[in-house]
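Right after this note come the structures.
The same chain A turns up in both complexes below, where it pairs with chain B and then with chain C.
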Partner chain A sequence: MKIFINGQSAISPQETFTGNSLPDNPVNYSANGFIKCIEPSVREYIDPMTARRMSRIIRFGVCSAIQCLRNADAGNPGAIITGTGLGCLDDTEKFLRTMHNNEEKLLNPTPFIQSTHNTLSSAIAIIIGCNSYNSTYVHRGGSFENALTDAILLLRENSAENVLVGGVDELTDTSFNITSRLGFWKREPVESLRLLDYKGRGSLAGEGMTFFLLSNVKNERSFAVTEMPELFHKPADAAASEEKIRSFISRTCQEGSIDLVLMGLNGDISNDEIYHNLSGRLFSGIPRAYYKHLCGEYDTSSAFAMFIAAEIIRNQTVPRVMQLDGGPAGKIRNVLIYNHQRNNIHSLMLLSGC
Partner chain B sequence: MSVAVRVFVTGIGIISSIGFNCEETEDSLKSGKTGIGTMKNLVSVHSGEIPVAEVPASNEELEDLARIRKTGYSSRTTLLGIIAAGEALRCSGLDEDIGSFRTGLISATTVGGMDRSEKFFKSYIQHKSGGRLRYIVTHDCGDSTAAIADTFGIRDHVSTISTACSSSANAILTGARLIKGGLLDRVIAGGTDALSLFTLNGFNSLMILDKKGCRPFDEDRNGLTLGEGSAFIVMESETVTARIGKKLLCEVSGYGNACDAYHQTASSPEGGGAYLSMKQALHCSGLTPDMIDYINAHGTGTKNNDLSEGRAIERLFGYLPVKFSSTKAFTGHTLGAAGAVEAVLGIMAIRNGWIYPNPGFARQMSELRITPEKKLIRNTRIRNLMSNSFGFGGNNTSLIFSEC
Partner chain C sequence: MEKLVQTLKEEIIEALNLVEMVPEDINEEAPLFVDGLGLDSIDALELTVLLEKKYGIKIKTAEEGKKILYSVKSMADCIIAGGKAWD
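Up next, the complex of A and B:
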């Protein structure tokens, strides 16, 4: 069964939400360790009273989800599934802070209510009035892939005809500060588009809210096809990773038919070394591209990668700023997305034209 | 899908306030011992006034039970999870050999390593460079799952679900579907949640913690009682169980997931989402309401849940003499672990021919005609059991387990 992408939407540090879906002239940030999303015009999606009570991740997430449904021209979906590595951080922090400061007394329940990881999936359901299947995956760098797996499984089961699936994560001052202490980010200011030029430790923190409307029925809006993604965990060595990637490729497409590999290079040398090593073994002669200089590093950045890959297929062009070693010469049919999180969770996705 | 693949349960494991393992849990259920009492491990300003259902052990003692290297750095959620998952694997005979089939772990949690992060945060809010980083790296929900996967060498599929109080019911649902869909042969699914100040104060701020201890489906009920614990089940496809001649505990015969889509914390008065999830579970299993011999209700003891769930049960089951009860007054509400805790209790009910009583119940709810069980029923046959788990955000899931 083929799984079609009938609509998508991304709120990101790029202008992906406001018409420039494939950033050929991207925003170049002078970044002190992080880049943040460009704010959507919330009032076009949520009434101001409701929006005021929502934290940023919920507001932006709902906007992105609704825009995705509009782009797909779909009614209520047969399921709503999100993946988020860290969930509603802002509300979690808010509640923790007042809990400690007020010594557990006189607490406002709102941040607690909105701190649960499933807040976004259910907020979307409440706003659009959708009683269908609803779930939330929260497994670090595999959160979006878990959600995507569930979505495709539902479509294959014929439990749903349309599934809204997304990957969302927010960056807060606190989470940035704590992860900086853990050494995740570059300490010196960087120009975001030149992320790979700064050899050394650390990446650039980011965030995003990306949604897809997937369907097991092709219609006039369908523009790409996605295969069942695959995650693998803590590979023993490069050879083990190589074997996993080879078997994924042979399961999802014909040998030699990959036109582009979109990789999760993030500017941290120990992280990027893994991609470079495997490229030699697996992707020689195949054009490669990267995306994290556009969206930053976060748990569900692979959802942004899938968005970009689908736009590349739709537009049949790879923006120069994403190319690692020149763009594909001919038609772009199959795009492999390969991402990993600190060599613990490796993710493979394959998108094709339809 | 062409031929429906059957999914069987071949192992169970549990730890909660009423037992460190299956055997102790069964003893407590038999003798009517509940786990609700005064806080001993958790340190809170509310300790004298709000009862909880704690696992009676320190983290250090839990490290021993988990049979892992003592570091003092694991979150309580992780330790509880390793203990319950370990028991489930031993029960299924998999502690020696996990690699022979495509095996997945799906765990569920709502607070993750919050018991550690709130300690970190206490220092952090004094100063941005404060707080030991070892206490914050276990914060995310995936941490406990990754630790369980590492402990038992599970590599093929590892994921974490968080849908509030239905989290681990959804872990079981997803696991069964991954097997039926042919993606995995075997899944260890369940959930784990430790008590934390965060959840205690969160539910307290909502004013839904009953200071007398929870009284599900009672006219005078006044909220829930928080518990902690973990439970896991091992599910295997019939191809696997047939090939290696496994002992089968029961079959996962149906499941339904629906969203109430009414309010972030309140359920709709008529229990629309609850009705849908139960109805879908029945449809999935091909059973009719009269074939369900026992419903283990979500029954938290809040005014709102018990009314909407009760109404949804009445609407779906008509006024059949349906037997139901909530076991929340035994274990407390274990949040993300509740669906799996109650699945394990349900499987024990099928195996032993038991229907559990509903501690805390004294007075019939005026809005309902159905009445929960008051005493433990023994030597009864449970062909099919329904287990409900309903969460914040209207994330409702119902599971059906059947004898085999």
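Up next, the complex of A and C:
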């Protein structure tokens, strides 16, 4: 059974939400280790009395989800599923800070209520009035892929005809400071679009709220097809990764039919070395592109990659700023997305035209 | 009293993140819940925390809460009658 993408929406550090879905002229940030999302006009999506209690990730997530449904021209979905690596961080931090400062007394209820990881899925359901299946997956760098897997299973079982699935993560000052101490991010200021030119340790922190309306029925809005994603953990060496990737490709498409590989290169030399090693072994002669200089590194950045891959298939073009070694010469039918975070969780997704 | 009412209005706007409002929008005699400002049970908890944290007023029962949190004026009356943090 084919699973179609009938609509999508992304709030990101690029103007992906305001109509420029495939950034031809992307925003180039002078970044001190992080880039943040461009704010949507929340008022157009959520009543101010409802929005006042929502933190940034919830407000932006709800906006992205509603816009996705509008883009798909769909009614209420048969399921709402989100993936998030760290959930509603800002509210969690507020709650913990108050608990510490007030010696565990007089805690404000709002940040506590909104700090759970499944707040966003629930908020979307309440706002659009959807009483169907509602779930949230929290598995660090594989959170979105797990949400996507659940969505595809539901559609294949015919438990739903349309599923709203998304990947969301927010960046806060506290989380940035903590992860900076762990050496995750570049210490020197960088130009985001030149991320790969800064050879050294650390990447660029980012965030994003991306949603898709998937369906088991093709309609006039369908523009891409997604396969079941695959995750593998801490491969022993490059040969183990190679075997997994070969196996995924042989399961999802014909040999030699991949037109583009979209990779999670993030500017950290130890991270990127893995992609470069595998490129020689597996992707010789296949055009490659990358995306994390546009959105930054975060647990569910693969959702942004899927958004970009689907737009590439829809528009049949790879923006120059994303190309690693030139774009595909012919028609772009199959795009392989390969991402990993610090060599822990590796993920593979395949998108095709429909 | 007038100063306290004004302060309370500002604190309510901040605590409940009523971004669209200014103190003049709140009628101190009007009910805070349902008909007036349209606040709900979570807001009631926020106001309970606000009263205890800023003015040392502890609301012990739901009935007491209904009376004290009825309006800005009833909150101010309660503070004047028994508040520790207000002179």
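Quick notes on this structure:
Criterion: the second predicted complex is superposed on the first by the 354 of 354 C-alpha atoms of A that agree within 3 Å, B and C clash if a C-alpha of one lies under 4 Å from a C-alpha of the other, contacts with A are read in each partner's own complex, and residues count from 1 in each chain.
Assume a contact is a pair of C-beta atoms (placed from the backbone, for glycine too) under 8 Å apart; a residue touches a chain by one contact, two chains touch by 3 or more.
Values in this document were obtained by computation on a predicted structure and should not be read as measured data.
Of the two partner chains, neither chain B nor chain C is touched by A:287. Of the two partner chains, chain C is the only one touched by A:49; chain B is not. When the two structures are aligned on the shared chain, A:109 is found in touch with chain B and with chain C. Looking at the shared chain after the overlay, A:206 reaches neither chain B nor chain C.
Contacts of A:85 after superposition: chain B is touched, whereas chain C is not reached. Where the contact sets of chain A with chain B and with chain C meet, they give residues 107-109, 113.
Residue ranges on chain A touching chain B, taken from their complex, read 80, 85-87, 92-93, 95-97, 99-101, 103-105, 107-109, 112-119, 121-123, 125-126, 129-140, 142-143, 146, 149-150, 153, 156-157, 174, 177-178, 181-182, 228, 231-234, 344.
On the chain C side of its complex with chain A, the touching residues are 15-20, 38, 42, 45-46, 49, 52-53. The touching residues of chain B, when paired with chain A in their complex, are 1, 44-46, 109-110, 112, 117-118, 121-122, 124-125, 128-129, 133, 136-137, 140-142, 145-146, 149-150, 155, 157-164, 170, 174, 177-178, 180-181, 183, 197-198, 201-202, 204-206, 257-265, 272-273, 276, 391-395.
Per the touch definition, chain A reaches chain C in the complex via residues 48-49, 52-53, 102, 106-110, 113.
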